[in-house]
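Next up, some structures in C-alpha cells.
Common to both upcoming complexes is subunit A, partnered first by subunit B, then by subunit C.
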Partner chain A sequence: MTSLPEQPAQRRLGLVIDLDTCVGCHACATSCKEWNMGGVAAPLTDLDPYGAKPDGVWFNRVHGFEAGEGGAGRTVHFPRSCLHCENAACVTVCPTGASYKRAEDGIVLVNEDLCIGCKLCSWACPYGAREFDEAEGVMKKCTLCVDRIYNETLAEADRKPACVMACPTGARHFGDLADEGSEVSRLVAARGGFDLMPELDYRPTNKYLPPRMNASPAAVPPAAAGEAIRPESKFLQWVDRLFSR
Partner chain B sequence: MHPAYSVIYFTVASGAGYGLLFLLGLQAAFDLLPVNPWSAPASGLFALALVTTGLLSSTLHLGHKLRAWRAVTQWRSSWLSREGVLALIGLPVAVAFLYGMAFQNDAGWWRALGLAVAMLSALTVHATAMIYASLKPIRHWNNPLTVPGYLLLALASGGVADLAMDAAFGSITLASGLLGLALLAAGIAVKRGYWRSVDAGEAASSPESATGLGAIGKVRLLERPHTEENYLLKEMGYQVARRHATRLRLVAQVLGFLVPALALALALLLGGGGLSALALFLALAAMLAGLLVERWLFFAEAKHTVMLYYGAGRV
Partner chain C sequence: MAQHRIDLSSRVSDEVKTTTCYMCACRCGIKVHLKDGALRYIEGNRDHPVNRGVICGKGASGLMKQFSPAKLRKPLLRVGERGESRFREIEWDEALGIATEWLGRIRASDPKRLAFFTGRDQSQALTGWWAQMFGTPNYAAHGGFCSVNMAAAGLYSIGGSFWEFGEPDFEHTRYFMMFGVAEDHASNPIKIGIGKLKGRGARFVSVNPVRTGYSAVADEWIGIRPGTDGLFVLSLIRELLLADQVDFAYLARYTNAPWLVIQDEGAADHGLFARDSQGRPLLWDAALGELADAMRPETKPALVGHYRLADGRRAVPVFQLLAERYLSPDYAPEKVAPIIGIPAESVRRIAAELAQAAFRGEIRIEQPWTDWAGRRHDHMIGRPVSFHAMRGISAHSNGFHTCRAIHLLQMLLGSVDVPGGFRFRPPFPRPIPPAIKPAGPAAAGQSLKGPPLGFVQAPADLLVDEAGEALRIDKAYSWEAPLAAHGLMHMVIANAHAGDPYPIDTLMMFMANMSWNSSMNVPGTIDMLTAKDPASGEYRIPRIIYSDAFFSEMVAYADLVLPDTTYLERHDCISLLDRPISDADGPADAIRQPIVRPDRDVRPFQDVLLDLGARLGLPGMVDGEGRPKYPGGLADYMVNHERKPGLGMLAGFRGAGGQAKGLGAPNPHQIEAYVANGCFWHDELPHEARYYKHVNRRYLDYAVAMGFIDRAEPVVLQLYSEPLQTFRLAAEGHGECQPPARHRARIRTFFDPLPIWYPPFEEQDSNAGEFPLHAITQRPMIMYHSWDSQNAWQRQIISSNRIYLARTLGERLGIADDDWIRITSRQGSVRAQAKLMEGVNPDTIWTWNAIGKRAGAWNLAADAPEATKGFLLNHLIPEFQSGEGTAAPLSNSDPVTGQAAWYDLKVRIEKCLPDEAGTTDPLFAPLAPPPGLPERAARIDFGRRFRPGSK
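Right, the complex of A and B next:
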C-alpha cells in the first residue's frame, strides 16, 4: 500500500548527522555498500566495476561543499542518504505498492518483488536518495539497515546502521526522533538540528547538525545570564572587554 | 530530466488518440457525427491505434515489463496508477462504443456511451498530466499550466486528426474547421504561457536550502562523491543547451501549430475532396512531429532539485 500510514509513527527511527565533525572520509558510504551488498537490498550492482567508467548503486554518498567567503567560509563534508521522510511522496507516487513507509518505525522501504522499475519514485524524491539498479531492473534505497537494527543474531551494541558503526569521528547518530528524551532528539534540540529543503514539506526524519562557527576575534562573549551590560563610556567598554576575556 | 523516447511517444500518441475519442464521444452524444456512416468508426479505430501503441510504448522503459499489471493497484495515492486504471477501463468502453457506432447505427445506447468515452478520455489525459504536475522537486512540471497544456494539446491534435479523417470520408464543415483553428490557437497560447512561466519562475530550493548551510553564506560544490557518472546524474542531470532549447521551441511552434493551422485554412478554402484531405493529413503529421519536439523539451528542460547537490546553482 503506497498510502502513507494514517497515524504518525510511534517511533521515528532515523539518523542525525553532525556536519561539524564529519571529516568526509567516506567510511560510512563504503561500509554501507559493504553491508548492503549482502543485506535485504542486495546486490548493490556495479556496472563496469574494473573498467574505465565504473558506475554503481550507493545508498549513501558523501559530497563536499564550501559555504561562505574568506575567513568566515567553511568546507563542509556532507553525507547524503534517504531521510525517511514523514511526508514521503516517493511512496505515494508508486503505482505498484512496492514502495512503503512502515507504520511501526517510519522506515521507508522498497519491496523489490513488486517493483516494476518505472523510476517515478526517484523523480519524486527531492534528495536523490533512490537509486535504480539497472542489472536488476528495480529501485533500491537506504533501508536504515533494517536487517541490522532488529537483528537478534548481532550483539546488542552492533544493532545500529552500518554507517553509524563505521564513522570514525562519531558524526553519525542513530535513534528515535519521535521520542523527545532520546539522545538523538536531545542532540537536535541542543545543536539546532535542521531539515534539508524544509520548503518542500517532505518533513524528513533525519536531521543535520550545523557546523559550529569559529569564535572570531570580533565575537563578543555572551553576558552572564540575567544582567544586561550596556557600558556607556569608551572606558567602561574597555573595562567590560578586559573582564570578559 | 532524461527524455525517454518511449514515454515521449506515449504521451503524444495517446494524447492525440484520447483527444480524438473525446471529440467522437461528444459528437455521438449530441448527434453531430459526419454524414458518412464509416467516417466516425474509422476515426475511432485510428484513435484506438494511437492510444494502444502509446500505452504499449509506455511499458517499454520499465525495468520489469511483465509486472506492469501491478501498476493498477495503488490508485488511492498514485496518479500513475490512476492513469493505468483509467486507461484499462477506457479501452473496452471505447471498443463497445465503436462497435455500436459501426454496426448498430439505429440503436441509441452507444450514443449515451459517447459521453462516458469522452469523460474517460479526458480523465486519462488529466491523470497523465498530474503524474508530472504533482512532482514538487521539478518546478518545470509542478506548474499550474502543465495540466491545461496536456489537455489542450491532446484536444487540438485530436481535433486535427478528426478533421483529417472527416475529409478523407467526405468533407469538413466550416464550423468544425473553425473549432480546429481555435483549438490550435488555444494550444499555442497555453504552451507559450507555460514557457514564459518556467523561464521567469524560480525554484523554492537552492544549494543553501538543500544543504542547510545558508547561514554561513553562499554554498558551492567543492567535490562530488564520485568521479564517475551515476544513476542520478544520468536520469536527473540531463541538460539541453539554452541555444538549442530556444531553437527547438521555435520548431515545436512552427510544426506543431503554425503549419497545421495554415494547412487547415487551406483545406477549408478547398472545401472537400482529395486535396483537402491531403492537406489535413499533412497538418496532422506536422502537428504530431511538433508535439514530439515539444514533449522532448518538456523533459529535457525540466530540472530536478537533486542537481543542487551536484553543483547546480539553481534548478
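Right, the complex of A and C next:
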C-alpha cells in the first residue's frame, strides 16, 4: 500500500468548475486529450477509432443529465476528471507505489514504471476518474497538466491546464485552493463551491460551483396589466406627443 | 517510494504557426504547434478577435481531421454506375482536361447549363465571381438551406443581421433572449459572451422547444412549440405597445416609424411611402402642421394620425399602421397562449421584464458622438436588452417574418446598435437592402453582367422570363422565392432531375453532401441522382463534378472527383467580401496558411477553380496573352485580384508599403504581413464610432473610406418594408412585372410589409390528426459543422443518435427508454431508438443533426454505430409542399426567401415490433471505398513520440 504525504501540502493545486456556465461543448475534454496524448502520460491510446466500438483514454469527460421534472428541471453539463483528493484512496490502495500524491502541490500522479495494471485504484476512486490504457497496460489519469503548469518553455500566461486554457465560457479555473486569498478560493467562497460526495471524506481538491439562480428582474408589469388598457385609447395618448428627428 | 522522474519543462514544440480554424464556420484564430515536423497540438490564439484564445471541442479535435483515413488521395473518374462508388484514379492533367472539355462545351453553347453550387465553404467571394465570369446564374452556396431567412430579414429591416453579421453587446446587456437553435454559428463568441453575461448576473432567457446546449444554462427556458416564435414575439410587441413601453425617441430618429404611407386602396402606389418630387420620403411635422422631408433633421414628426398629401390623398405614419395591427386582440397573450404553448402570464411577465431592463435599466455611456446630421451628443444612451436567433427561426416556412418580428421588437425597444443591445459588425450596417442586384443568364461565351446573387428591391429585379417563370435552375428570384438572396441549393437536384425550368448539363459542387445530410428526402434524392432518361440511357443529370477532401456520401454519386486539401494544408481567404469575422468593435479578416504539406496527390479546390478558369480562358483569369493571371493559385489571387481599384479580397496591409487598410493598391508582401500578425487583421474603431453605427457620422465616414458603403448616408431602420409592398402591389395587378395567376394569392399574403405570423406550411400539409408531433434537430456542439471527417475523437463522444421525446408523451404512448420506435411523416419513415426526457416541448420530438452516416462512407467500419443506429430526419422531410392538384408543386421553403423549411416537419411515432429492434431503418447499401483509401487504423497512439524523454 502507498502512503499519502505526511503533511498536508502547502499548496493544493486544483480546478474550480462552474456548472452555471458549462454548456457542454467538450472543449475541455478534447483539449485535454490533445495536450496529454503527447504529454508525460503519452499516448492516450484510442482503440478501434473508426470501428464499431471506438474507445480511448480520456482524462476529462463531460456528462449531460437532467435534474428535476418538466420545465422546472435543469439540464446539467458535468465535466468529470480527477479531483486530486486530499484523502486519495486511489493512492493508498496502490500496491506498488505507482499512484502517489505530490507533497509540494497535491497533484495525484501515476508512475507508469511502477504500475502493474491491477486497477485497484480505479475501484477505489468513487469518481470514476481513472483511465486504464489497455494497449499500454497501465493506469493513467489527469495530471493537472503538470507538464504545462511548471513548464518554463511556455509563456507565463500559458502555464495553466489545457482544459482551463480552452474553456470558451470561462467555466474552468485553476489555482491554489490552500491559499484563501487565491482567485479560486475566493470564487469558492463567493459562489458556494462544493465537494462532490463529501460524505465519503475523500476531501477533493477540485470544487464545483452550483448553477446561479438569477432572480428575474423585479417584474413590474408595465403600466397596469394588459387588458385594462383599451387599445383604441393608445392613439389618443400618442397623437399629442412631440418627438424629434 | 521510488522517485518518479518527470520532465516538467519539456520543450513543447519547435515551431508554432498561426492559421484559422475550420472545424466549423466560426473561424477562430489558432496556433498550431509542430514538433519534429509533426502536428503536436492546436490551441486558440489569444490575440485573435473571434476567440480571444479559447478553443472549442471541435477546434481542439483538429489533429484527428488531419489524420482521418477518409481523406481522398487522387482525382477519381467513375467507372461503374453512379452510386456504385467504382472509380479509377487519374492524373490531375487528365481530370482537369475532362472538366475543361465538359465546361468549355457548356460555356460555348449555353452557360446556364452549368449549375455550380458550393456547400458550407467560405470562399464565396471567389466562387461567386468565378460563376459570374463563367456566365452561369445557376450559382449559390448553401445559404438557402441554412441562413437566408436570417440574412434577408435582417438586411431588409436593419441593414445587418443576427447570424455572423452582428452580436449582442455582451459587455453591457442585462437581459438576453436567444431564440431557437443557435449552437451553429459564431460558436466561440457566443460561448464567451454567455460566460460573461452570466458572470455579471445578467438574465438569459432561452426560447427553444428543447433544453440542451445554451438553453441548459439559461436562467429561464421557454419550451415553445416549434414554428410559433413569431406569434410569441408579436404578442410581446402588443403588450409593450399597450403599456407604452417603446422607445419613441429612437423610433422617431432612427427608424421609418414617422414615414408616411399612402393610403389609397386600389391605387398602384397604395402602401408605398409618400415621397416628394426628389423621391425623398415624407413625414408629418406635428409642430409646424405640414409635410416635411423625412430625412431632414430637427423636424417634429407625428407617429400617429391621418394626414393629407399635396395631391389630397390620405397617408398615415408607419407607426400608426404598426400599432393598429399589433394592438389587435389577435395578439393578446390569452389568444396566442394555446398556440405557442406558453402561458399568457409568462408572455406578460417577459414583456414586463423586457421593458424593465430596457427602460428602467437604461444605461448611459459618457462617450460623446456625432450623428449623421452633424449633431453632437455628449453621451450614448443604452437599452441593455439583446436578442440572438439563428437556425431555429430560420428553418421554418414562416422564418422570414418571424425574424423580422424579432427585429421589430428590437427597434421598438430602441436596442439596435446601442450600448447593451444588438451591435452591428462592420462592414454592416449596409443600405437597406444592399444595392447589389442578382444578374440573369448570359449569352453563349459571355460572362454575367453582375454577380449571380444579390438583393431584389422590386418585382422588376426578379430573374423571370416574360411569362413570369424562373430563369434559374433553383428558381431563386422567381415568384416562388423572390428574396432568395442565397439561392435554393436544396432544390437544385430535384429541379435538374425534373428538367424544371430546364435541363442542365453539369452539376459541379464543392463540400456539399447532397446525397446525405444536406438534402431533404434522401432516398428520393439518391434516386434522382441515379435516374436515367429511358430514351437516351443518359443520366437525367448528365454530369456531376464534385470536390471534397473526404470520402463523403456524395463522392459515390460523382462522375469526376477533384480531391481537396484539408484546412491545415492550404491557403484560404476569410474576406470581408464574403462572410466576415469582424466584431462589433471593428472589421476583421483572416487567412489560412499551409501548416503541413499534403501527403497525397490533392489540390486546394480554389486553386483548381482558378486553374480551370484559366484553361477555359475566362475573363479575369487570363491575361492579354491568354496566360493564367493567377499562376500562384488562391494565394496569388487573394493578394493581386481587385474588384475595383484598391478593393481586394483582404482589407489589411494594403498599399505598396502595407500601411493602407480597406482600400489600397495590392501589396506583394500582404500574405507575409498577415502571417506576421497571426494570420488575421483587425481594425479597432474609435470609441465614438462603436455604437449607433447606422447614424454615426464618424462610423459612416470610416465605412466609406474603407469601401464598405458608397456614401456616408444614414441607414434608416425599416419597420415597414416598402420592397415587400411592391411585390404585393404586383400581385394585385399593378406594374409591368406581375406574378403568374397561380402565385398571386401567395404573394399577396406573404409579402406583407409588416411582420405576420402564419402556421408553418407542414401544419397545413400534414393532417394534424395523422401527424400530430413536431420533429426537429438540435446541433451537437462537439460535432456541428465538423462532421466532414468523422474524426476519431469526436465520434467517441457521439457516434449514434437517439430520438428524444417528453417523458409524458412516452408514458402516454407506452414508449420507454431504449425502445425502438418508428417515426413517420407524409414523406417516409425511419426507425430510431428512443430516449425520454424532461426538457422538451410535449408536442415535439428531436434528435441530434447529421450523426447518422451511410455504411462504408468516411472510411468507417460498415458496422459503425453511425450507420447501424445513427439516423437522419432528412429522410422524412419532403422537398415539396404537398401541392395537391397543382402541376408544379412548390418547394418546401419560406415563400419570401426560399429558405428550406427543415423544422416544419410533422410526424407520428409508434413503438416497433420486437423483431424490428436493434438497427435503424432504412439501411442503405454500404458504399465501397474508392481506390487508394488507406486501411483504417486499429489504434491511435502516435502521441507516444512526443512524450517528454521519449526517443
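Just so it is clear, the second predicted complex is superposed on the first by the 212 of 245 C-alpha atoms of A that agree within 3 Å, B and C clash if a C-alpha of one lies under 4 Å from a C-alpha of the other, contacts with A are read in each partner's own complex, and residues count from 1 in each chain.
FYI, a contact is a pair of C-beta atoms (placed from the backbone, for glycine too) under 8 Å apart; a residue touches a chain by one contact, two chains touch by 3 or more.
Everything numeric here is computed off the predicted structure, so don't read it as measured data.
*Asks:* Is A:120 touching anything from subunit B or subunit C once the two structures are fitted on A? First, second, both or neither.
*Replies:* The answer is first: A:120 touches subunit B but not subunit C.
*Asks:* Touch check for A:137: first (subunit B), second (subunit C), both, or neither?
*Replies:* Touch partner of A:137: subunit B, not subunit C.
*Asks:* Is subunit A touched at more residues by subunit B or by subunit C?
*Replies:* Residues of subunit A touched, subunit B against subunit C: more for C.
*Asks:* Looking at A:95, would you say it contacts subunit B, subunit C, both, or neither? Reply first, second, both or neither.
*Replies:* Touch status of A:95: first partner only.
*Asks:* Using the superposition on chain A described above, determine whether A:29 touches subunit B (first), subunit C (second), both, or neither.
*Replies:* A:29 contacts both subunit B and subunit C.
*Asks:* Just checking: does A:75 make contact with subunit B only, subunit C only, both, or neither of them? Give me first, second, both or neither.
*Replies:* A:75 sits against subunit B and subunit C alike.
*Asks:* Give one of first, second, both or neither to describe whether A:2 is in contact with subunit B, with subunit C, with both, or with none.
*Replies:* The answer is both, since A:2 touches subunit B and subunit C.
*Asks:* Common interface residues of subunit A with subunit B and subunit C?
*Replies:* On subunit A, the residues that contact subunit B in one structure and subunit C in the other are 2-3, 26, 29, 54-56, 58, 62, 64, 66, 68-69, 73-76, 97, 114, 211, 213.
*Asks:* Any idea which subunit B residues touch subunit A in the complex?
*Replies:* Against subunit A, the touching part of subunit B is residues 1, 61-65, 67-68, 70-74, 76-81, 84, 131, 134-138, 204-205, 207, 209-226, 228-232, 235-236, 304-306, 309-310.
*Asks:* Using the touch definition up top, name the residues of subunit A that touch subunit C in the complex.
*Replies:* 2-3, 20-31, 33-52, 54-56, 58, 62, 64, 66, 68-71, 73-77, 97, 100, 109, 111, 113-114, 135, 146-147, 150-154, 157, 162, 165-171, 211-214, 216-223, 225-227, 229, 231, 234-235, 237-239, 241-245
*Asks:* Quick one: which bits of subunit A touch subunit B in the complex? Just the residue numbers, please.
*Replies:* Going by the criterion above, the answer is residues 1-4, 19, 26, 29, 53-58, 61-69, 72-76, 78, 80, 89, 91-98, 114-120, 122-128, 131-132, 134, 136-139, 194-201, 208, 210-211, 213.
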